[in-house]
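Next, two complexes with chain A in common: one pairs it with chain B, the other with chain C.
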Partner chain A sequence: MRSPAPVRTFGGLKLSFAESPWLHIGWRNLGRNRKRTVLTALGLAVGFFAVVFIVGWSQGIMVEMVENATSLVNGQIEIHAADYRPERSLYDTIGGRAGTDVDALLRTIDADPSVVAAAPRVYAGGLISTGQATLAGMFMGIDPERELTLSRFLDPLVEGRMPEPGRNELLIGEEMARQLSARLDDELVVVASGADGSMANDLFTLVGVFRTGLAELDGSFAVMPLGDLQTLLVLAPSRIHEIAVATTDPWIAETTAAGLDDVLSSSDRAIEIVPWTTLNPAMVDYVALGEAMYFLIIIVVFSIAIFGVANTMVMATYERRREFAVMLALGATPRAVGTVVLHEAVALGVVSLVLGAVMTFPLMVWFHTAPPDMSWAIGDVTIMGALLSPSLRVEYDVPFWIVSAMALFVTTILASLLPAWRAARVPPADTLSGL
Partner chain B sequence: MSDPQRPGLLRPTVFVAALVLFASVSPARGQTDPRDIIERIDRLLRGDSSRALATMEVVTEHWERQMTMEIWSLGTDYTLVRLRAPAKEAGTATLMAKDNIWNYLPKVDRTIKIPSSMMGGAWMGSHFTNDDLVQESQMIDVYDVAVAFDGERDGVMVWELRLTPKPEAAVVWGHLEFLVRQDDHVPLWAKYYDEDGELARTMEYSEFREFGGRLVPAVMNMQPADKPGERTTIRYEELEFDIDVDPSFFSLRTLQRGR
Partner chain C sequence: MTPTRPRLLHVRIIVVLAMRNLRRQMRRTMLTAAVMVIGGALLVFSFAVSDGSHEDWIDSGIRTSTGHLTIEQPDFRLSRKIEDRLATDVRWETERALASPEIAQHVVAVSSRLSISALASSAAGARPAQVLAVDPVAEARFSTLDDQVVEGRYLEPDDRLAAYIGVGLAASLELRLGSRLVVQAQGTDQEIAAQLLRVVGIFRSGVPEVDQTVVHIPLQTAGEWLGSAHDVTNVGVVLRDSTAVAVVAAHLEHALVDPIERGDARVMGWREANPALAAAIAIDSFGNYLIFGILFIIIAFGIVNTVLMSVLHRHREFGVLQALGLTPGQTGTIVLVEGLTLTAVSGFIGVTLGLLATWYFIGDGLDMSALMGEDMTFSGVVIDPVMVPQFRLVRIVQILTFILFIGAVASIYPALRAAKIDVAESMKFER
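Up next, the complex of A and B:
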């Protein structure tokens, strides 16, 4: 731009920025009224900032929502006996009544390269009591070591430590602990229907309290080592209800599930491998809806900006009617005059984009790496069963930034189409004669 | 006892069932007002006390088990049930006083009050719910009674009574049907329908025997309609009425004493 190619004919139409005299002229025209140019460019830059930042924040919420829905407790994929869902009966263990070789199954799942972690689980409903207070609860039997690699809700604990297998130790949620007025080292009575029909009951020692932030879980879940729960329920060690699987990325869960299905279904187990997208289709729809909204945001923001830019360009070209008349009188084609105006718009777009980038990216980096904690203003928010922390974390989305930048240029060009057309149609003789 | 997957169904008791049995006491022949029949059942039970030894056989898709239990009752407010067998669970006891239920668990030597959210849960793994065990109102107060059928069926003169909840009644059933034998007012079966009018479960009464001078069906068989092949059968081995017991017997102390 600094060293324009020699001006040839006014009629030539060159779009190559490096050589184009038009862009050079457009750039210099912007300098005629710097204040006006800067204000217009600032308008566009703020539009760019708004679009990128709002969408980045919205994506941050989506990512956290999916992340929490799939890694706080559940895992991205759940493996069950084929008929386990939706009743989730105590008897529908993987492999049926005979159970399955849990270790071999876990080894097979671990072998998949897209699997980060896999953990076996046993579930049963029942009662949990301190003697004074009794609550209905859901008991979750876990392999403590494997569970910590898969879900996040047990690390860190609010207080206490993880239960050790074989010692009848358990964890309960913070809300349950509050309702039971239970403290660490209290003995809790656990009652459930055993698989043999007996009223299974035993004493467990409370060794820790967890918090997910999800009221339903914190108020009703009790977590204990798998073997202890199986013993209580009179279930053989080979009988588990679920293997939860974590994948490297929530959005490959479907592919991984299909891959695991190929490997695991070859055996005679009737199992169901369900990715979170199937378990929580509403959330998938929600994310898709959000993505559709992003483009709506672009359209709305730049639709507002387009009038500001058009106003500036109309003013700028009206002032220069005499200049255009001279160009036309000297033999420039109307098309060449229009091109000058359009290039001025492109140059304005470049200035705006630079301003917008300077404004946006430092804030994006800040809000991405160290999002401000808003917990002083709002508490935890739960959307579709997923917990959201009250922070303003933004996500990076380079393709979206490029789309936004293109939208900015489209805005400036659209806004200058009318002024360019009018500039090209200036009547030279009338204008120069002072009319 | 605490399977949350089992839907909460019923109000009338096992022992209401038992109550219904007691209906048979000294029928007034020629009495055909259905309200009187039902009312007498309730009135007879109020203030009535009993002690029974019964077996309960539970058959489900997954297991079968048999329990022997001793049952004390006083009116409709108080009942105490203590398991005598199987050995593993002997001593386990349930106390029902008014609307509350406590379970005593000898293995851990603790007593647990059943939270109200679990009143719909199965009692001792059977097809009865905890709710079935606590009956606070008289049936006559809760249901409108009508004779749906009066005549001969299978060679026996019977009434079929239809009990429809009064509008303000807090009951889980859509309506109940009782089949009552006319000559001795013995109930033959009771059917429980949900709010959609679908049959939910059927209680059958059979093997009528004299216990303490009263004609009582010694066997009650409960079948859930949605689980064919499953049933809970209670069989009275011993049953005596008007025993010497007062409300103080139905205490947490007695529950934990584990006689």
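Up next, the complex of A and C:
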């Protein structure tokens, strides 16, 4: 009589296989040789750490570079008369010789929801002298209140206070102060050619010193209230050269600029609205180059790691030839045996990822919130004119972490393909008979 | 029989055993070796490229500033005042010292120049400018600016009242060839002096700060304008190679010992004179060291793994060896030799491959312009997208030492394991 029992048992075996014991077996295999597992996983974990950390650091540099390029002195968007660039001539004020209603213009710009701050500016070149020493400089007329909401270089000042309008007070850069040997409350002679062609000069009181870290600026810029500079240059109060605009995020500057263009170009003024991406295309390229490099880093790091994993998996499967032979003899398909090895790789990936995360994230949090200051070792550098402090600040980038984690799994799976294929093709009879 | 023979025999046995083990596990050996080969090749090639581009940055950075070495009056660097200039006799003394044979062999170009801050103005407006009064012939050899002419020509020896300006300044002041501009600056008598100049040439360096501010004029014109005669603010020196800076600086300090002691002169290397450039190079190198440090940690894990596995597999073998009379130290040495041979051979192959890649690119360079564009500047230096690798023997020695070090460190733990085997225990069971 035929009993259905063995079939059922076999069916039961099949059933339990169908519930996927593979991951379980794979996991147990990792535990059999803990030292090997930990060493391999450490290799992968260091790889994960390297990728996440290096990219975080490089993004930290990019963010600081763009931030300094767009909010230290300049805004993210500059608004000029259409023919102001590139000459930046004294006469090319917004609205031409007649000027414009500055307050109305600022109100319109402020109304845009993505605009954080907007500030009017007047520029002129001239000489600045203490009597003993004379330097050529660039004069920048500002609205002190509005300027403080836009740029960072006047807050905090190295010493002194902000100038008050109507009292002929000015600020100069630290380097200029040193070269002129000027102290607070000194009277400085300011010479410039006025818009009417006259040679204008006047006495200003030095009330403060600022520092940007950019040598050209600290050595040549003098900042004074807009009205005082306009008086010196014989410009009407309605004539300004630039409105600098700050947006909530540097990367929306182009959209905001286009939006402002729609609102402002309806009037009769011939103006040009330029986002920083147009003023400094090389920096945009540089950021794009950095992003291309991130993936190169992933590929290089993990393709080095793949050899370590492959080596381990080959060894692990070779040792367990008999085990695979037994499985095959008991009726497991070659595919199932291959799957065991692949699952082992996935389990190894999980272990590595946990190790990697434990290694990486505390450091990331530390380097993000309190980056070690490297200024004792190296000085400031500039990239495309933007100041960069030598800190090791890292940025968080969750999508990139996910990509790196996936790359880690792809690495382990790729590395286990050959061992899995070999395991599946173990000849059961020969192996079990000890050949 | 000399006492060295048994020891030599031991060495031979150890080496033979180690080699045999590597050969027995060919696949494992090859996989581990492959990582090392790739790592070594990458290391050599990328350091050659970064050494080459750093040399290039230094060269273009120092040629647009004060040279590999600069001799100036000690206070000038900070004050930037014309009062703190080099007196004519110090200038002649410096130039004589530079012409002496032991220094001249390293020197490519020397330029004595007067550098002052001035206001440049035209009918269109006024801009701060950095006026560099030069000897046209010497400066043409020193600087790269004369080759970057876009209109007109560079200064010539007979020029008077001529100005060579950047495209940025030309645009700001609406100047064309032949246009007139006025420069005003403080003279040696502390009075503001003005000088009329005519534009003879316009250049484009690619560095916005330079194109906006730098004006070259003949030194003689400046001497008459500011009353400084033949005095200069610095003597700049371009050397054949940035590695010669320390040697030449020492020679110069020796030759100029009198003016230096009087406080009339000072010799300064480019690192001190151009800290932003030195920082840019330091940061770039730091990034390289970081990436390769991490890469080799990963490689080291691979080697530890391979060697350790082969030790654990050969438990019985080591047991037998020790039973036959090898000391634990010798057993450990076998493992160490195995690991070291593996890293040395694969590292050597990797370095050779890296050198081949370097050699291939050494003529035309590696053109990265598709990736980075032409206008990248780093601390005021235009980054040339064509990177020409540079071969340095010191680097290769450093890299080989580093690779062997990694191999040795990675083999220590497995070697200790092999040495500590319990002989009886390891041979007790049949497998």
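Following the convention adopted for this analysis, the second predicted complex is superposed on the first by the 416 of 435 C-alpha atoms of A that agree within 3 Å, B and C clash if a C-alpha of one lies under 4 Å from a C-alpha of the other, contacts with A are read in each partner's own complex, and residues count from 1 in each chain.
One rule holds for everything that comes next: a residue touches a chain if its C-beta (ideal position, glycine included) is under 8 Å from a C-beta of that chain, and two chains touch if they have at least 3 such contacts.
Keep in mind it's a predicted model, so treat the numbers as computed, not measured.
Asks: Under the superposition described at the top, does placing chain B and chain C together on chain A give a clash or a fit?
Replies: With chain A as the common anchor, chain B and chain C collide in the superposed model.
Asks: Taking the superposition as given, does A:89 touch the first partner, chain B, the second, chain C, both, or neither?
Replies: both
Asks: More residues of chain A in touch with chain C or with chain B?
Replies: Looking at chain B versus chain C, the one contacting more residues of chain A is C.
Asks: Could you look at A:282 and tell me whether it touches chain B, chain C, both or neither (first, second, both, neither)?
Replies: second
Asks: Of the two partner chains, chain B (first) and chain C (second), which one does A:198 touch, if any: first, second, both, or neither?
Replies: Touch partner of A:198: chain B, not chain C.
Asks: Thinking of the overlay built on chain A, is A:300 touched by chain B (first), by chain C (second), by both, or by neither?
Replies: Touch partner of A:300: chain C, not chain B.
Asks: Applying the touch criterion given at the start, work out whether A:390 contacts chain B, chain C, both or neither, answering first, second, both or neither.
Replies: Only chain C is touched by A:390; chain B is not.
Asks: Identify the partner contact of A:135: answer first if only chain B is touched, second if only chain C is, both if each is, neither if none is.
Replies: After superposition on chain A, A:135 lies in contact with both partners, chain B and chain C.
Asks: Quick one: classify A:126 as touching chain B (first), chain C (second), both or neither.
Replies: both
Asks: Could you tell me which of 40-48, 58-66, 94-102 or 220-228 in chain B overlaps chain C after superposing the two complexes on chain A?
Replies: The listed stretch with clashing C-alpha atoms is 94-102.
Asks: Considering only the contact definition stated at the top, list the common interface residues of chain A for chain B and chain C.
Replies: Common to the two interfaces on chain A: residues 87-90, 125-127, 129, 134-136, 192-193.
Asks: Spell out the residues on chain B that touch chain A in their complex, using ranges where they run on.
Replies: That would be residues 1-5, 58, 60-65, 88-89, 92, 103, 105, 107-108, 110-115, 117-118, 121-122, 124-125 of chain B.
Asks: Chain C touches which residues of chain A in the complex?
Replies: 35-36, 39-40, 42-43, 46-47, 49-50, 54, 86-90, 124-127, 129, 132-138, 178-179, 192-193, 215-216, 219-220, 281-282, 285-286, 289, 292, 297, 300-301, 303-305, 307-308, 310-312, 314-315, 377-385, 390
Asks: Using the touch rule from the top, collect the residues of chain A that touch chain B in their complex.
Replies: Counting only chain A, the residues touching chain B are 87-91, 125-127, 129, 131, 134-136, 189, 191-193, 195-199, 201-203.
Asks: Could you please specify the touching residues of chain C with respect to chain A in the complex?
Replies: 27-28, 31-32, 34-35, 38-39, 42, 78-81, 117-121, 124-129, 168, 171-174, 184-186, 190, 192, 208-209, 213, 275-276, 278-280, 282-283, 286-287, 290-291, 294-295, 297-299, 301-302, 304-306, 308-309, 371-373, 375-380
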